[in-house]
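The following pair of complexes shares a single chain, chain A, combined with chain B in the former and chain C in the latter.
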Partner chain A sequence: MTALPVPYRVVARWQETPDTRTLRVEPVRERLCPFVPGQFAMVHAFGRGEIPVSASAIPIGGGLGFTVRRVGAVSEGLYEAGPGDTVGLRGPYGTGWELEKAACDDLVVVAGGIGLAPLRPLVRDAVADPEPYGRLNVLVGARTPADLMAHRETGLWRTAYTGVTVDRPGAGWSGDIGFVTALLGRARFDPRATTAFVCGPEPMIRATALRLAALGVPGEHIRVSLERNMRCATGHCGHCQLGPLLLCRDGPVIGWDLAEQLMTVREL
Partner chain B sequence: MAGTATTAVLDRAGLDALVAALVADGRTVVGPTVRDGAIVLAELSGAGQLPYGWGVELDAGRYRLVRRDDDAAFAHSGGPQSWKAFLHPERERLWSAERAADGTLTVRADRAEAPSYAFLGVRPCDLRAIAVQDRVLASGHYPDSGYRERRRRAFLIAAECTEPAGTCFCVSMGSGPAVDDGYDLALTEVVSAAGHRFLVRTGSAEGERILTRLPRLPADAETTALASAAVRRAAERMGRAMPPVDLRALMGASLEAERWDDVAARCLTCGNCTLVCPTCFCTTTEEVTDLTGDHTERWQRWDSCFDLDFSYVHGGPVRASARSRYRQWLTHKLSTWYDQFGSPGCVGCGRCIAWCPAGIDITEEVAAFRAESSTPREEAPQ
Partner chain C sequence: MTTKQAVRMAVALPAKHRSRLMNTAREARFPVGTRLFEEGRKADRFWVVRTGTVTLDMHVPGRRSAAIESLAAGELVGWSWLFPPYLWHFGAEATTPVRAYEFDALAIRLMCDSDPQLGAAVAQWVGQVLAHRLTQARMRLLDLYAPHGSGPPR
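Up next is the complex of A and B:
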């Protein structure tokens, strides 16, 4: 069967940053199978097309959240969708963060910009049920203070350490300045018993994963979420290839033990 | 199937009867025919449209029709198209959707009805290519329903290869010139003093049923011997050969080779190789709306990894250089295809060599990568 988009109605939306909004959607009738944190949907804007978007909220009561940055025709259409509008969803697709495999480990969550979106349901799960895990660390970086998504919520999470840093501070910013990797020195974790979850721009993922590996976190315990062009999400269109991987099928979340050699070849 | 296969001999009237029987069954019969200076694949209404008496001369960047001394119908290698043009068409509507005045969205599967194809004259390399696309498109967690349905209904008549071209290298890819599996009927063409005829073997129950409806002769010893000799001779006359190396390992270890710069200087990134390749399957999608804006259709069309948009993500293409795009194509075809789908993506048909406007030869490139990998690199001074 070719999966058809399932209609979901937008019930609420939030402005996250000047060019990014989160849509909260509920099924009109039929609903998709449950998503796990890290998985994505193909989100359809009527008359424009589909783009892959990781779930940025997976509320217990049902529905889903998707965070969309306005960068192209389809994301523009979704950004403009408001309460009452209908979007089409296919999914869930791809691999998840697999938080359950991190039991007993310290958790290090590292987000760059709206890379926090696919990580947010993971952090919410870890905050809501901290018992199985060691210390939770959340490290967030963005270009400017205005580019910090979910800034208020980030400050409310009960963690062992929460760090927020920006590359270019504006007036009134009294927090950290610099790359998110600089915060790793203040995070509280035992590298040999840590699972890290990293999402953001590719150079940021590469720098963060290399730093974590240098500190002694095993590659298979550094989970990264990667982005590629995707047209079908079902392994047939060929667009999301990264070397031997089809990221719609084998990703988007993969271990650094697999990703390292692929992310250090230019233009692979 | 070999144990239960029936063999027989068809003459040209028998071949006419075969096409007539398939047409009478309501099938769309597709086979080779001469058009626009090439042997193309097109719908046939009778076996008389086959390219009797035509052959081809192929080399890197070169394709020419030539008259033969005999009346052979299948004495040519693959033309500019392959069977994917029918099983995995260039454009296909996936679904359509309507938006009602109150915003209600209705989405429906809107694929065209699958024809019942009969493919006449499938070369062994192309039969292998169909099996490769079966693994990519019709298996896995999300089979492509359109492809699977067209494939399920298709009746395949293979034609063993007796006249390989200068660009052919199926022997080195293990995909020809004989066929032993994956067909409904297999033909081997024999032209001798005793006449023009086709040794036919059945490969499926459907093939058996069709054969019983045709005027045929028992498979005689002379025809059988001539047929197998012709195929054996074809194996000895391959125009090219893929170097006998572990292609998967060689290409996997050559990602930073200098040869990529050399080939990138010749490659026009036109994508011809991906269009003529019988296994290249990549597609993109397009959204088409009508003037009211309330009806939208989702179309799938062939795409090429040589196109800059292919790897576009916000900010720019992942693979901007010609070097990286040629590398993606070649390493996928020969190496990462194994990781993704359990076999190589190359069947040795040679189309990418013949139809490359720059005459880039996949076997020559692999030989260069092999030579580079076996040359010790200069050690950097400590």
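Up next is the complex of A and C:
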């Protein structure tokens, strides 16, 4: 791990949604330590600054994928980066999803919006090597059909149940309409032997985790990815503090048994 | 939070009340595209979906109807039959082939009138359904997936 950004070259980019792109990057010289699904990097747009971005692709052959939504100056710079451009990376940082601890369990993956990005490497791993796990369920919610990230790939994953729902369907949509938690009623899993992985806006994470807990999934088996204002990413600056946790170091992925109390404290 | 599981008839209604209702049910099948009911029309029936998906929609003057929610197996389709003036608040269409249990609204209301315990149980069930859908609608109202959809950070 390094404190200075390591140059990586953008080798490809593709549009995920109207305001979101994925960049595939390769090291220019030095290579960062391997990432595991759920970990993030501080991604540097030279001349603009850096932001935390979870790895959305961890190809076996090397390189990394980062999915960036255009919402601010730095993310705008990264969004506009194209093949041949150079970005800086620090990392990997934080905790991963720890899929390996879910051996023998049914898997419930719940993504809201581009919350699918950090979950995608986990789902790819589970699809590529399904043997150790029970039934895989992937539930995705988005604002509109156009906002569905990796919609084609999602449809190709071999799962026990894949559900996709949108808030605002528009013309031509024949799929589900409603909040993503509604899909839990159709997923196929034994709550007592299930590990869930949840990523998206925090109110959606909370609603989903409460629902899973109500169904009987143990809190420590509900893994959620939280976001705060990460700056140093090494647990020193305190910007990403959430109660007793520093999310850059103790997170971003934590168990609901830890997160539940923290997410019910106002202003925290 | 009211959970989707809890608002399913099989869970929400005690067995004795459920069996009384089910004794009056008949099986119904709807091909894709069938309109189950139209906004503003008389709400004289309701359904519990067995298989398939029903989409609720709302009429928007000058535009195509807006689809607002989809309902799948185990879910109640229609609640306007329980409250005066017994007119549908939304429209509903089968978006896949649908099999459902169909109930006669007037017959159920008369049963509820003559058996207050049954009436209370049915009212509680439908109330739970409404509370659940209101919660879901409010979550969607937050437009969480939009950039800063849940509001600016503190």
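Methods note: the second predicted complex is superposed on the first by the 266 of 268 C-alpha atoms of A that agree within 3 Å, B and C clash if a C-alpha of one lies under 4 Å from a C-alpha of the other, contacts with A are read in each partner's own complex, and residues count from 1 in each chain.
Here is the rule we use: contacts are C-beta pairs under 8 Å (C-beta built on N, C-alpha and C of every residue); 3 or more make two chains touch, one makes a residue touch a chain.
All values reported here derive from a predicted model rather than from experimental measurement.
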What is the contact status of A:Leu184 with respect to chain B (first) and chain C (second): first, second, both, or neither? second
By the touch definition at the top of the document, which applies to A:Thr234: first (chain B), second (chain C), both, or neither? first
Which partner does A:Pro7 contact after superposing on A: first (chain B), second (chain C), both, neither? first
Thinking of the overlay built on chain A, is A:Val71 touched by chain B (first), by chain C (second), by both, or by neither? both
Touch check for A:Glu50: first (chain B), second (chain C), both, or neither? first
Figure out whether A:Leu32 sits in contact with chain B (first) or chain C (second), or with both, or with neither. neither
Mind working out whether A:Gly243 is in touch with chain B, chain C, both or neither, as first, second, both or neither? first
Chain B and chain C footprints on chain A, overlapping residues: 69, 71, 229, 267
The residues of chain C that touch chain A in their complex are 1, 3-5, 8, 53, 55, 64, 67-70, 72-74, 95, 136, 139-140, 142-150, 153-154
Can you check the complex and tell me which residues of chain A touch chain C? 19, 69, 71, 112-114, 141-143, 147, 165, 167, 169, 171, 173-179, 181-182, 184-186, 200-204, 207, 210-211, 214-215, 229, 267
Residue ranges of chain A in contact with chain B within the complex: 1-7, 28, 46-50, 69, 71-72, 84-86, 88, 227-229, 231-232, 234-239, 241, 243-246, 249, 265-268
For the chain B and chain A complex, residues of the former touching the latter: 94-95, 97, 99, 103-109, 111, 136-137, 140-146, 255-256, 281-287, 289, 293, 296, 298, 300, 303, 305, 310-314, 318-321, 323-324, 328, 331-332, 335-336, 339-340
